[in-house]
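The structures considered in this document are given below.
In what follows, subunit A forms one complex with subunit B and a second complex with subunit C.
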Partner chain A sequence: MNLIPGLIGIAAIAAYSYLFLHAESQGAVLGLVALAAVGVPILGRFGWIGQASRSLENNQAAGRVVIAVALAALVWLFREENFAMLMVASVLFYTVACLGLTVQFGYAGVVNFAGAAFLGVGGYTSAMLAPHLPHVLVLAIGGLLAALVGSILILPILRTRGHYAALITVAFGILFRQFVEVNDALGGPQGLQVKGMSLFGWDLNSPIGEFSFYTNYVVAGLALTALAFILVRRLERSWVGLNLDAVRLDETACAVFGIDVARWKILAFTFGNFFAGVAGAAYAMMTGFVAPNSFTFADSLIMVSIILLGGLGNAWGVALAAAIMLVLPEKLQALQEYRFLLYAVLVIVILMARPQGLIPRRSREYFS
Partner chain B sequence: MILKCAGLTVRFGGLVALDRLDLVLAQGEILGLIGPNGSGKTTFFNALTGLYRAAGSAAFMEHELTAMKPQRIYGAGITRTFQRSRLALPLSVFDNIMIGNHRLLHHGLWFNLFRRNALRAELQANIEKARALVATFSKPLVERLFDPVAGLSMIDRRRIEICRALVSEPRLLLLDEPSAGMTHEETRELMDDILLVRERLAGLSIVIIEHEMNVIERVSSRCAVLNYGRKIAEGSYAEVSASREVQTAYLGTD
Partner chain C sequence: MDVGLLGQYVANGLMLGVIYAMVAVGFTLFFGVLDIIKFSHGDVLTVGAFTGLATFIGLQMIGVASPWFQVFIIIIVAVAATGFLGALIAKYLVLPLRSAPPLNILLLTLMLGAALRECVRLFYPQGANPKPFPRLLPQDSLALGSFTLRLDNVILLGAGIGAIAAVHLVITRTRLGLAIRAVAQDAETARIMGIHFDRVVLLTFALGSGLAALAGVMNGLYYNEINFSIGLLLGVIGFSAAVVGGLGNIYGAILGGFLFAALQTIGAVLLPAIFPGLPSAYKDVFAFAVVIGFMAWRPTGLIAERTAERV
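Up next, the complex of A and B:
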């Protein structure tokens, strides 16, 4: 069917992202924020956003190509700019971690306020193991260790519900930070240096030509995000995804129809922590160091905010919200401490206008 | 004999919600369970499905239900509906019915993530199955198989709940007030549809809790009456409705 509206939509998003990443002055940044705040509701009112997204859904294969081309063009345009590429790569790694949180909270209803701690487990794994093992393996071990550390929490989480389960994860997040801070083998408050990533002989820290070396991490981040995306989407559109939804919505009905609530909560929690661990391991190799202060409760809150802002359970929403939550405060640097105020107000306003998040999840379509 | 309860008792602290209930159910039989509010009817269902711990015995075929978890009781072939609908409202009609089909689906992580062609085949077969089942109850509802349940009317939700209970082809179906919130006409239609499905599922036994006496009179071959957790009468509808004790339980004494 007609691909044109989808094409225009992607082009518009790409152009906006270009302008936003490019904007230097505060005036330009605030102007762009205002443009989106006014423009998006107007486009929505005319039904153009719906038209564009339907057009992409009806042409999935072509849509994927268009999105890939738009991403490649953006990366190409910013290939020499350290700051923009660092931002994009951070968004990508956070997207992977938050996709994990989406499986936990969005699907199975297991809220996790210790997301940053699981990122941290991955990060510290990188710090310890990157000098000794191939880095693909380090990423996998980072994920597995995060899943393993998470299993400490499984019993208390299964025995509690709702706010009480949330409180357990809050406590764990704080505990993790204290633990690494007082542990000298893990560098104490100063943290540890992390070796740059090198995949199959490709050293990501040595720039290609005039490119920023962060461009390498963007490419690796894109590959990782694509993989995480495919896995999460497949999980959602399967009987497992249905079981997770059922567990979130009604545990009594689950029991009566043979659904083992504990089994699926454990699966979702482990699966999600694995993603956070892998993302944390990759992120640490990019930034080159880990310290307790990078894994605070506030960082966990940002991760939960990302999945709520994006639209709970929607993978595309996670990517969009990660971009907003991470790039916006950096772009508002000149406002200094007031930037967090503005940013918080913006998040509140978005959620007031769209309580279901930016892109609410739709009902499951399995294969479509 | 498919179900045999002997001395089945449920206590909540000092309150005896179900008091030494003896009850048998033959294969293929439809038993009506009646009694005033709070007489222990739903408690009986909750005990049979493992949601409440019960003392005494409830033998279902070769299983002893009082010692089993709800998940295993479902696996043995008992399903139910709830008095107040417990559907997953944001999920589609199909998803809700498939929750009831859990026993017959593959749930391995590897299968679901990586054997997509096999999953697709299983999915197709189950869409056909759900379609056929829903069509028995309502033709227009088939067209809305992938719509969220939240947007459907009360009677459609009731139908979906019954489909969810029937899709795994149980041996015993427990219906908890299927007529609640529906008109006489809708209830009659729903009962006809249930009887239709029952003819296809050879040997399905049903226990139905109902306040609509004409429903009980029409569908059940035998009735049991509960009051304050105890069985006060049992027999054909004509017999129990003539019983002095039953009339007292419902209307009080003068």
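Up next, the complex of A and C:
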């Protein structure tokens, strides 16, 4: 099958992203939102979206090149715009963290309503360690510490099911926020300053020429996201992913077939928290500070909303939903005050009208 | 430690416990009839408290001065309005999603809670700021040595226990209660027996939400201040209490409520006494850590959920 529909699809998405990031007036932003809300269902009705995605699936290598080119073009066009680049970088780091949650919720079916807490573990790690250690190491330690902190919860999570397991992570998320708020060594309610990232001698906080310094973070974020993306996609396609899916769908049947349910749940939970920790460490270095108020229960809810909105278990959906959830309220200044209400209503509408998410995960295909 | 001070802590803990228990009973009722967790429960409580406050302001405007009459009207209006809200939520949001995965319902109600919270913050006049709640109960106090017993606390404690007892009586002694228990036990069979399923669910949600509104008003009368986010923490605590007690069991919910209050009090009093230098602000950290540890020990709560008998 030819590459043309996929090419047109990616070009259309890139053009839309450009217009959206560029739109200044509220009228233009609202017009673009309306365009997407009306246009996407119409394109879907004509079968064009299906055609484009099939075309990309059949030409995976070429598709990747096209996507990389489109991304590079977008970054190039906005290289001097602080605000646009900050938003893109935030979307990228949130995508990494939410890919971690996807492994937990979407593959193994382990619920985690404390995503922001694990993001916070990474953030506070980079606040404490960034002045002393190479930053690649700090990112890794941020992830490892998040995984380690998460391992406290493994025993209660393995022993409980359903709502009881949900409570454990909800309680942990609140516990974490209260803990950093009252802990003076971690800066209390004011939080801590974080040093800017520097990778292999490249200081990301010093802009290159006229570029915004956030462009550096976008490049680093793209590298991190690509890495996380490849890892998660490989994991999904591998026998490990198959085991995780089996654990989610029917624990009893798994146990009967000799699949170690506990082992796969632990793996998925640890893996996901590691991602959140790495993303949190990188995000904190970009924004320059960490404070308890950035890691509230509401933030965890936003992360869960992202993965559900995108389509549970779908890595592409995560990126799309992260972009919608993070960029839309920033762009709609008139709605800035109402953004949490907007989130909440949006998620409720999605859950009522399209519970499978924007891009539902497809079933496995082994013989194509 | 001074006995009077200890008594003060116990009195405070009991007060918190009864409010938590009232919230937890709501969670457990909803879980009983529909097997779902309605996470917006805490924010329904906030709506109840704010309805009470608005009623008070309205009563002042039309010139009603008697505090007892004011309290009476505030409670009636708050409970009725919030009960109605609870029934609306059940009818239009929860019942249509009954067959969806539990995760979706949990997220839906979490988001509904966020929406209610934001509505209070944005649409109540200056809703983002804490609001003073009127002192309507008699402020007399009885000094017993170094321990002062405040009359309003005694009234609130009595009212809370009375409300829980009333709900318990409704469930065990009335036809509605029988229907609720039947639906909780087996919805399918209950329907075959001619029980109007939807109506029972709506009434259960109204009952639980009304109880939450009463808890919200009591919370306001106790602290003399309410703000738009009281429901978030109270909701999580109520959920914890219901789960620690064992979901679906009304005694478990009451037990869990008082247990959580006891944990917080211990965290505030005992921890700084044992480990000097540890501020009492760690009380919630301590309480939630114990809850997590407890769940590892008793995964289905103190009074384990049984399919044969719920609610």
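Definition applied: the second predicted complex is superposed on the first by the 347 of 368 C-alpha atoms of A that agree within 3 Å, B and C clash if a C-alpha of one lies under 4 Å from a C-alpha of the other, contacts with A are read in each partner's own complex, and residues count from 1 in each chain.
One rule holds for everything that comes next: a residue touches a chain if its C-beta (ideal position, glycine included) is under 8 Å from a C-beta of that chain, and two chains touch if they have at least 3 such contacts.
Because the structure is a prediction, the values reported are computed rather than measured.
By the touch criterion defined above, A:347 lies against subunit C but remains apart from subunit B after alignment on the C-alpha atoms of chain A.
In the overlay built on the shared chain, the residue A:156 is in contact with subunit C alone; subunit B does not reach it. By the touch criterion defined above, A:25 reaches neither subunit B nor subunit C. Between subunit B and subunit C, C touches the greater number of residues of subunit A. Of the two partner chains, subunit B is the only one that A:363 touches; subunit C does not reach it. When both complexes are overlaid on chain A, the residue A:172 reaches subunit C alone and has no touch with subunit B. By the touch criterion defined above, A:235 reaches subunit B but does not reach subunit C. Put simply, subunit A uses no single residue to touch subunit B in one complex and subunit C in the other. Residues 231, 234-235, 238-243, 245-246, 249-250, 252-260, 267, 363-367 of subunit A are the ones touching subunit B in the complex.
For subunit B in complex with subunit A, the residues that touch the partner chain are 49-51, 69-72, 74-75, 79-80, 82, 86-92, 95, 98-100, 102-103, 105-107, 109, 112-113, 116, 119-120, 123, 146-148, 164, 168. Put simply, subunit A touches subunit C in their complex at residues 105, 111, 152-153, 155-156, 159-164, 166-168, 170-172, 174-175, 178-179, 181-182, 297-298, 301, 304-305, 308, 337-338, 340-341, 343-345, 347-348, 351-352, 355. Subunit C meets subunit A in the complex at residues 31, 37, 93, 96-97, 100-104, 106-108, 110-112, 114-115, 118-119, 122, 232-233, 236, 239-240, 243, 247, 279, 281-282, 284-285, 288-289, 291-293, 295-296, 299-301.
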